[in-house]
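Paired with chain B in one complex and with chain C in the other, chain A is shared by the two complexes that follow.
Moving on, here comes the complex of A and B:
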């Protein structure tokens, strides 16, 4: 059965190879001559890029750890007012991209901003600006990114706590541990792989963040890549910087992968698993738990939504001037086309892997799913580099017309890079669905006379319809929020809610950015709500 | 010359590089024959079935079914093109279909072929009526095994492979299902290879049995011969239905044992007079007699419904078993003396 070169093997190989192109392109920059700009950069801003990226990372990891694990612990082990509401409400923070959070933060605390207006209304006119704290620069970026990303840590840790057995909790009691000691010595270590996995995702997203750091004017490796390409028009430099970031991220990726492998070791839910008995909190403890979760919900979701809503209401002309229908159509078009190809091809690739059991495919598959770890901005730049190289080396050789316009600044190019960026999301979603199908089910089908294609069509696809639904919703949310790739590769005059909000904000027109931001959050929240049951379960 | 229905010729079955069953040659002569393969867990019995089904490759030898080569070094017919059905030991029901729909998959495979069992008959025969509308996750593993068996049977294959088909079935159902299974296989003339570790099941179901030990097919014969004429000490030890005691050949039809005295009977294989041999003594070979002067001490007594099995200790500390009908007038307690009828005569004497 194994190692046969057939349709499934070839398709799987091609898909994985396509997704691996950017990594190869970026790492290929090491073999290209260094430009003068690189030497200048090395003496001037490179250290800034690196230190800012590092501080940003440390700050975000610390905050997301405390908030994510704290909330997950409270809602998983205790009963307090509105606990069931918080279980799903806390994941709504996924709907707020960091760059929109950054706009809200600025709008709220800036001179003569929302806080100023509130104080003015409450206490009469005064010079409040001097007393209002300013959350901008690196601190602003840390807060914006943390509150939009803590959901990763929350969801994964909560899932891990959720499946922890009552036996484990009782073990602590039997050993005479205090609640605090039980938490630090038993509960937390057993959820460690989930927490590390969550933090790794946060780290990757943080390092690839472009919208909020560029808005707050923080120079990180990501903004460095953008300006190397836009300001210096030096693709080699952009790629070289990308490769540094990539090496950093691959390190994190390996760490996350190792941690996941250990996660299998940690889940011993077979056999003696018993559902936990939740502890009812009373008095001030119940109040404190409620306040903690409510504050996080308030800061992460209600605050940016209210701020955007407030501006949309008081500046209705911006909403009126916005071609909502066209933006919606553009966004949904991208979502439908990209999701369609992503799911179909992820399916083919997974099935190819399953059928051929080839080591080569497994390795390529591992490389290809690292696309998610590569910042969108690197992917966009690598894609442009690759197309330019193809154009000047291969297409020119055969004296054909330029292919650049087909791929750069076109929907096709945009969809292709989305494909590379989100392939891992689609692939992992389908893969985790496939993991639940025992291989003997395939074999049972073959022995009932089903061909490989018929097994795929009649057995796998119907069985995985829930996974397909979940993956398509997650892709929708990600594509709606996506900024850097869309910004760089979109066709002329083509806008989405994300790019529209960014363009207004970058021109300091925050009031105008509010309406597209609000609509984006509402759409993303809608999709999150319809999948919250699955997200919390998986 | 009459062609065999299935021929396995010099095939090495390998589950892993360490776990191999080497150079197996085995034939099933007639359509409708049932072969049971017995062997300890982990020896690779399932690999044999998987290789015949085409789910694993064989790199040596050939497997031929109805004159068609299915597997050889050069030829590998895809599993779906072999018309071989297999019921796995683990649940291989499609999780998103009801039990009934799962079973229907088997019937669909057979729809353009020969007339055979009807879906409702098999549901009735294997007691699946009560679970037919349930989903695989809602039924027990024994029920899943029966449903999987029904699916395979309905597909009316050229060759049916059953991997421990009743290992999870409740004991109270097991015998009845065994009877019905044998009835269906015989009536429908479905050629079957069954892998099991239960020798009673193998002896009941199989026209022939194969004993797999130490990476080899040690014995391939009909169940009666396997039980009464095991061809090696390893087979005796594996079947665990007798004790080997030291004895000396004293004549054409007699032996002398220090523990039991003179024993007479027909030798299956002849040994020169004076040879020291190990005599196979099975529980039904000895008879109880309270009046006998040959007394052994009782060390254990098992009640098995129709009979008791007494474990007795000989003077050389060997443990031998003796059946006694459970309606026997009295019982012997542990440490009591137990009489063995003399002279001891065994119909067929098996020695090594």
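Moving on, here comes the complex of A and C:
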């Protein structure tokens, strides 16, 4: 097929060009002088930024790995009480954004918080504050981010376990492996691409998290970039810090790609797909499995929901003041427009990659998913900077008036930056779906005289239905929860549940943030539930 | 098309605001009812709002930027982003030290000390000033939020204005030494820390305490607030550090006249009363009764009216530099 310039090439090029805008903008101003602020920072907190980011990353990856893979393993291979409930209930953690989790954590454990109120009401007045553990700072951020993100690892690992053929399980048995040995030597390695993909998503989200780390006052590279760029107008420093961040991310990319390459796990077309026989757990083992899953469900979902519900009930005036219908329309509007474009273009790009097998396209594809690595807050500002630059250098030259009002403070601008931010999510979802369709199927179709388009329409799309659904819930939930981009680029009088909750919280009105947070969680949960039923049926 | 038409003929004013009180929104509605001028709002954090206004440049639709803290307003003014925001009414109502040519205060607040009456004596408090907080007798007893917080930057900027950079550097190091924990949480969290016995003195803005006492934040917050008392420092010299909420008309404002009308409306007695009843700040105009809880904190304290509040903006980056150098997180 070669490197022909065709439709696929042009569309991939356009997508990557769009996504590359913020990176080019960031790098474009790399030659400016270093400010005093950089020198002060270097002497004082630069090391803190780096170590905080690193500890945050390690902590979150460890926790999400253990609970994500642990839960996926239990619900995929065993039968124990409420296992069918946990299968979908654990995905509900996706509905709780890390910053809302952070609000709940604070509200619950802070001095004179909910725990104090409970103890005070049960045992009478006393100074319980000293005995209540405090989950704030770095620890708070690790917990908030882990419990709101472990779903990525859980969902992808579970899907991989789900498609793991019975042969693998039997292989362990035939070799006389214990369950533990089977798990570590066969099951886990065969799910590695899924686990690494999940963890790399978690890692990128963690590094770009702004809401919860800034709420807990943890200075990370991301908050450092934010304050360097936005508060100190110091692009050079922002770029320097961004490049440190990008080094982290590039490392993750390489890791992900290497592990995918090492593990070319196409579902075998021979031997068929036999349903796994699940092992029924008895006695204390069944109890432990139940407790493990229940605890994760309790901490990740029930806890923040209950805290927000409690506040909404005791401070009902804040719910009354909320224009729920308008917020809902705004949010859904953004979700539908953005998901539509994201999924269509991810399809085009992946299909192009598959049929042309071009190295150049693969490179473009890699560029195009890099938007996910850049914190939303930086993307939004870079986008504004880029549009301003275009406006004054190109548009003005042709005397065409200003394009700013079309892109800044408009739905169009919001959707474009969402596109940059979430393209990797759409792309990776479709890509991993494609990875499961063996090339021999395409070749078979061509032999039968199918055109490329017919192969795409009649074979790929139906085959990838599951991936499309998975991608669309992930996108929907991400967009409902999205905060910094919406906050910076939204039009006048335009709020979403996320911006409303955040603005209240930043004004220290957590009790007012509860109602929009709760509604956000309920809507996100609804989307998760309708789709999870579909996934479980498969 | 309709939006294009409405953009040409609309009777509106576009507000960028970092104050996210529902009560502000209700006040804007009242303004619309009285004048027929629609108020469009974008709220957000200051840095992001400012960046957006700067980048939009002359195509910005923003008319009025409303924010907390003089430091925010003055730095933005120094970037040349405002235009003359004065009118005879504004000049008459607002004392001259609480306005510049291009910006005007709407409400006032004080940044004061909150102490535990169990662990801090009358003697300790006698003539206590911000400067004294660097004294080693307070070692391990002070809580205050992080250095990236604008209220702290303005407080430190005012100290630079009064005592110079070198003295203030020493002061910041002393305060960091006296902290009972690494700075974390907002102003309310500092007051809670004193109530819970983690520290003896907290530095926080007045309205946080009143809000806790009001019961609007629940019974436990009220209980905590009752365990601490407010103290207004520097009474035997320049007075307590005052700060403001305020705004200015932006350089490229498309609806300047409406923006002036909105400012004048916010300075009416009715609007001021509404503002301070809901946010527990002090009124910027004469003759408006403060909230009962604010009255109980004491009204006869000496306000620092000597320090030029424009210095909060001018000394802002020095203030941050000093705090960072003192390893103030």
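In the analysis below, the second predicted complex is superposed on the first by the 400 of 538 C-alpha atoms of A that agree within 3 Å, B and C clash if a C-alpha of one lies under 4 Å from a C-alpha of the other, contacts with A are read in each partner's own complex, and residues count from 1 in each chain.
Just so we're on the same page, a residue touches a chain if its C-beta (ideal position, glycine included) is under 8 Å from a C-beta of that chain, and two chains touch if they have at least 3 such contacts.
Note that the coordinates shown come from a computational prediction; the quantities given were computed from them, not determined experimentally.
Participant: Scan A:45 for contacts with chain B and chain C and give back first, second, both or neither.
Facilitator: second
Participant: Counting only touches as set out at the top, which of chain B and chain C does A:176 meet: first, second, both, neither?
Facilitator: In the superposition, A:176 touches no partner, neither chain B nor chain C.
Participant: According to the contact criterion defined above, which of chain B and chain C contacts more residues of chain A?
Facilitator: Of chain B and chain C, C contacts more residues of chain A.
Participant: Thinking of the overlay built on chain A, is A:124 touched by chain B (first), by chain C (second), by both, or by neither?
Facilitator: A:124 contacts neither chain B nor chain C.
Participant: First (chain B), second (chain C), both or neither: which does A:503 touch?
Facilitator: In the superposition, A:503 contacts chain C only.
Participant: Touching A:449 in the superposition: chain B (first), chain C (second), both, neither?
Facilitator: In the superposition, A:449 touches chain B alone.
Participant: Would you check which partner chain A:463 touches, where first means chain B only, second means chain C only, and both and neither mean what they say?
Facilitator: first
Participant: Looking at the overlay, does A:441 come into contact with chain B only (first), chain C only (second), both, or neither?
Facilitator: Only chain B; A:441 stays clear of chain C.
Participant: Quick one: classify A:133 as touching chain B (first), chain C (second), both or neither.
Facilitator: Neither partner.
Participant: Taking the two structures together, which residues of chain A meet both chain B and chain C?
Facilitator: none
Participant: Which of the residues in chain A come into contact with chain C in the complex?
Facilitator: 36-37, 40-41, 43-45, 110-113, 116-117, 120, 127, 129-130, 136-137, 216-217, 219, 226-227, 230-232, 314-315, 318, 321, 377, 381, 384-385, 387-388, 391, 402, 404-405, 408-409, 487-488, 490-494, 499, 503-504, 506-509, 511-512
Participant: For the complex, give me every residue of chain A touching chain B.
Facilitator: These residues of chain A touch chain B: 1-2, 437-438, 440-441, 443-452, 459, 462-463.
Participant: Taking the complex as given, what residues does chain C use to touch chain A?
Facilitator: These residues of chain C touch chain A: 14, 19-22, 40-45, 47-48, 50-52, 55-57, 59, 61, 145-146, 148, 182-189, 192-193, 195-198, 208, 217-221, 223-224, 317, 321, 324-325, 327, 329.
Participant: Using the touch definition from the top, list the residues of chain B that touch chain A in their complex.
Facilitator: 50, 53-57, 78-80, 83-86, 88, 90-96, 105-106, 108-109, 148, 151-152, 155
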